[in-house]
Amino acid sequence: MQLGMIGLGRMGANLVRRLTNNGHTCVVYDRNRAVVKELEGRGVQGTASLDEFIAKLSKPRAAWVMVPAAVAGETVQELASRMEAGDIIIDGGNTYYRDDLERAKALKIRGIHYVDCGTSGGVFGLERGYCLMIGGEEDVVKHLDPIFKTIAPGIKSAPRTPGRNGASIPAEEGYLHCGPPGAGHFVKMVHNGIEYGIMAAYAEGLNILKHADVGLHPRAQDAETTPLRDPEAYQYQIDVGQVAEVWRRGSVVSSWLLDLTAAALVDDSELTGFSGQVSDSGEGRWTALAAIDEGVPTPVINAALFGRFESRGEADYANRLLSAMRKQFGGHDEKKE
Amino acid sequence: MQLGMIGLGRMGANLVRRLTNNGHTCVVYDRNRAVVKELEGRGVQGTASLDEFIAKLSKPRAAWVMVPAAVAGETVQELASRMEAGDIIIDGGNTYYRDDLERAKALKIRGIHYVDCGTSGGVFGLERGYCLMIGGEEDVVKHLDPIFKTIAPGIKSAPRTPGRNGASIPAEEGYLHCGPPGAGHFVKMVHNGIEYGIMAAYAEGLNILKHADVGLHPRAQDAETTPLRDPEAYQYQIDVGQVAEVWRRGSVVSSWLLDLTAAALVDDSELTGFSGQVSDSGEGRWTALAAIDEGVPTPVINAALFGRFESRGEADYANRLLSAMRKQFGGHDEKKE
Amino acid sequence: MQLGMIGLGRMGANLVRRLTNNGHTCVVYDRNRAVVKELEGRGVQGTASLDEFIAKLSKPRAAWVMVPAAVAGETVQELASRMEAGDIIIDGGNTYYRDDLERAKALKIRGIHYVDCGTSGGVFGLERGYCLMIGGEEDVVKHLDPIFKTIAPGIKSAPRTPGRNGASIPAEEGYLHCGPPGAGHFVKMVHNGIEYGIMAAYAEGLNILKHADVGLHPRAQDAETTPLRDPEAYQYQIDVGQVAEVWRRGSVVSSWLLDLTAAALVDDSELTGFSGQVSDSGEGRWTALAAIDEGVPTPVINAALFGRFESRGEADYANRLLSAMRKQFGGHDEKKE
Amino acid sequence: MQLGMIGLGRMGANLVRRLTNNGHTCVVYDRNRAVVKELEGRGVQGTASLDEFIAKLSKPRAAWVMVPAAVAGETVQELASRMEAGDIIIDGGNTYYRDDLERAKALKIRGIHYVDCGTSGGVFGLERGYCLMIGGEEDVVKHLDPIFKTIAPGIKSAPRTPGRNGASIPAEEGYLHCGPPGAGHFVKMVHNGIEYGIMAAYAEGLNILKHADVGLHPRAQDAETTPLRDPEAYQYQIDVGQVAEVWRRGSVVSSWLLDLTAAALVDDSELTGFSGQVSDSGEGRWTALAAIDEGVPTPVINAALFGRFESRGEADYANRLLSAMRKQFGGHDEKKE
């Protein structure tokens, strides 16, 4: 079927490619003319303006918005202002689900349908397919089923779960209608929150391995430094990159994130190309906010989130307060390392 | 080559099967005669006593101990007392690496070699192979290479990591000599610590999804209950089992542990068969102890560990203290829910 | 000066007492006639309706609202609908500061001033005075200074901070104008978040002392239970109540919360009267939300908050998931303790 | 009574002063002759060698060791080698209680008594008295009672706990015999663990206040930065030093540590004199180790401990791993701030 795509960054462009590779047709638009040109060809119709984009879509129109979260809201509005009742806007980015709720409500008044679609797959999605978490009205999501089915990885991409038999359900194909508007991004948000936790678990564990040699190093002997009681128990010089590699096969912690970690460590096990300032782009925070609102304890996900804050120096003032307190009660001068 | 196996529980028996299925021969012993009988046959020689076990092994003997951690120490001693210089004991269980250090040192005096081997693979290892993390002397580990190579899953069990070319290294086959005695169990310990963190990340995230409907439920209105500010944002009734399923394909959080989670949720998404008292069998604690000794922050792994403690009621006295303090300063009566 | 007080619960009534004991006059109202009657007398004028309450206040009126958070919003509205430009409403409860922002904005249109005042002091405030954290317009807060000064504990209630000399500032008297509307409750919110952290620190530490005898007790010996490596190091039977008492004098952890803990432990060091379901009434959550919005790491405050969630069984589903995963990968049956 | 004191640093010297000010006599020794000279005078007998020190003590000798943890062990040994059965060594430093267990055991063979005494009071103890947590044999601790009683702050230093009547118990005087050898340092260790938690609670909370103005600052608009949804809710410029001051009076979070925080902020609310590298000198780690051994969850204390590790860059490798993973799966370039 036909789909309009606005935003031809890495993700948007790859979605178009995956769709047209599989028999769908796409009308595409991006502020950047060059990327439009690049995609034009078999099954892809480029457009030079939003007006042209809208004009080329058959009714009921279906337009997928794949732009940075910061401009998603205005893009949806600009699209909607050119659409009519029965048309569909799909937000495939990392929008906060509360924005979905507001947008869906505003569009509904005009009869325009809003579908939110959390899209996971990173740079590998073109080939492997994307995992889709979808929110929206039942019949609208059903109408878009051919699109979702093509974008998703398909049942063959993983062994079938024991206990699941007969005809596959969409979840097994790699896409799921999670509920009413916002549900898709809600599930995607939590998905990313989990990702923060998993990433941190690996990073912490490998950091322990990296420091398994502390017993080999001399240690300051002063009142501000805890002595190492059993240095002989920390004499291991472990090749962290090889450990990541060996865990990829047969181990309970094998995962895609581990594959990526192993890949990152192949060239440079010291990771000297990174400074360790870890960004967080929203989903982790929103997950934490939702957990608190719900009253659900999420110590692991929060620890992972806070670790990122700390990596960017956000605990700095707090740490200086701690040093100041120590100075006050014990006369401890801060140690410069 | 020939390997002796002591302890024919699920893991030990499957190791023997995997070895003999691939051309090795095994001499086996277990206090439970029945399981010995069951294994006897092609390539497997059962024995009725430790003495017989030792007698049937060709020199230099190689005996793999696969018994519960609680009895591993005495088993190693009983074996060693019957062995001679040049023989090898492999501890394939979940021994604390500090015990390895002591045992290796004690055995070395008598010329007996000690190899520790962390073995991951759970109930799936017979078919998929086991991921092996090995500690011990270089030449001894090398001598056992045919055994390790057969037990491990092999390079085909995962796509090759980009950047790794040419002849495979053992890590790519799924086994790794991590360092001197204790190093294998050290790496396995951290592996399990990571596993705690990953498991908790999934569990927390899915718990958020499970409670995404809090806005649909009436809420007590009293001074002891936080009002839900935006109930309309928590009206989702999400099928947690289907979410686990959909994430298995194409998503960044796909992993073996997720596969298992999806399987567990197929039959009973409410998990009514479990009470939620989560055991911890040592590795998580030891990981946490090592991190503290090293001075490495591991907030995620620790949060996962403490979550298990809490699930078993170990925060009970602390919680009663909190209620008592609240009663003291605010006159708050504890709310019974 | 004259102050109106709506809501004569423990806090409201004690504020009235403290004010009238010190020369101010109060007009009071509560839906419960009995508590109004009880307060009437020297300096206190009871009223039977909001209309009468408003009528008895001299202009510009100043009315302090001291009602549960759940009804504070409507009470402010009912008051405001009877007031005129120049009048002042003070919300002295535990309102979420974002509600303050909205209320202040709405009232400003009509020329009514809104002051938010976080009030700490618990059941001891009548005698000791209340710590006040105030948000509102500069001149309005200044106008109310005599009220705040009387309610606050006064500079004598603590030794002067070294470095503070000359005339006292309000902060030293125990009240502080923190900023524009909402600032008072913002600071009070964080105050309570800190309180959660401190309470949990004590509770955790005392829980460690309580369990310092684990080495004296027999321990299950099975694959699901971590053996205690050094039982001889955990043979202490510590009188937790006496420890709380001894720390009250001279120790770095002495505090009011510790005083209260010691008091709670005098009668019943086992705290058998409590079940350990710890409520959270909002401020802790809001603190956590603010930290996340700001990107500030607050692992301790969050851990304290999540501990309360867990004490109420909110991790239950997550824990059952963990048990289910363990069953799947290791065949571990859940241990019932 | 007479007490020997070895180690005349700030703590040791002040203990001697407090004792001799109150009628006891002290024999003192320190490697540094100058500090010995400085103390000599009324009630204080200086010595120039350990032999002389021992010679001047009346039998049964009582010698208090107040030296850095790193040299406490050898000092105890040197003392013991010059002592005889019935003599007493008191370790008043911050020794790990497991070392106490070993030392007490070794000395017992020779009939020498070992008493461990956790001493809290910081630089204020000379005037305010020290809180003492004592481990050792019943009758030996009893024998030293006059010493402990004088060092402790006394019952007047805090209001009596409601419910405690009649003659004071030692805990109310500020010293407590906690149990057999090691118990004193065990309790002191946990005391310091709690201190870590309390300090971090304050630091985190004040850090939230410090950043309550994030809505006033421009924010990067890119895919790596979470947008601030409600900037108007974060427009507060809060005087953190004044907040610390106001909480000192009447508030539930008042404490000695808060007094110290307020003092630190008087001169320099930006704390520009500190870099924020927070030391940990052992007790926090040991507390965490004990909690894990006992199976007691201590998320708050651990978060505080890990915060210190992080402040010293110990999460660095872990953070670079996170950035590397993000680069791998999402093509995210690390943002340099």
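Note that the chains are named A, B, C and D in the order they appear, and that numbering of residues resets to 1 at the start of each chain.
Operating definition for what follows: contacts are C-beta pairs under 8 Å (C-beta built on N, C-alpha and C of every residue); 3 or more make two chains touch, one makes a residue touch a chain.
In this text the structure is predicted, and so the values were computed from the model without any measurement.
Number of steps on the shortest path from chain B to chain C, with steps defined by chain touch: 1. Ranking all chains by how far their C-alpha centres lie from the centre of chain D, first place goes to A. Looking at which of B-D and A-D shares more C-beta pairs in contact, the answer is the pair A-D.
Averaged C-alpha coordinates put the centre of chain C at 28 Å from the centre of chain D. In terms of their C-alpha centroids, the spacing between chain B and chain D amounts to 37 Å.
Here the spacing of chain A and chain D, counted between their Cα centres, is 44 Å. The residues of chain C that reach two or more other chains are 122, 200, 202, 204, 206-207, 211, 226, 229, 252, 256-257, 263, 285, 293, 295-299, 302-303, 306-307, 310, 312, 314-315, 318, 329, listed in rising order. Within the complex, the chain B residues that touch chain A are 97-98, 101, 120-122, 125, 128-133, 152-155, 157-159, 161-164, 169-176, 178-180, 182-183, 186-187, 190-191, 193-198, 200-202, 204-209, 211-212, 214, 226, 228-230, 232-239, 242-243, 245-259, 262-263, 266-267, 287, 290-291, 293-304, 306-307.
Per the touch definition, chain A reaches chain C in the complex via residues 252, 280, 285, 288-289, 292-293, 295-299, 302-303, 305-307, 309-310, 312, 314-315, 318, 329. Across the interface of their complex, chain B is touched by residues 10, 68-70, 96, 122-124, 199-200, 202-204, 206-207, 210-211, 221-227, 229, 256-257, 260-261, 263-265, 271, 273-282, 285, 299, 303, 307-308, 310-332, 334-337 of chain C.
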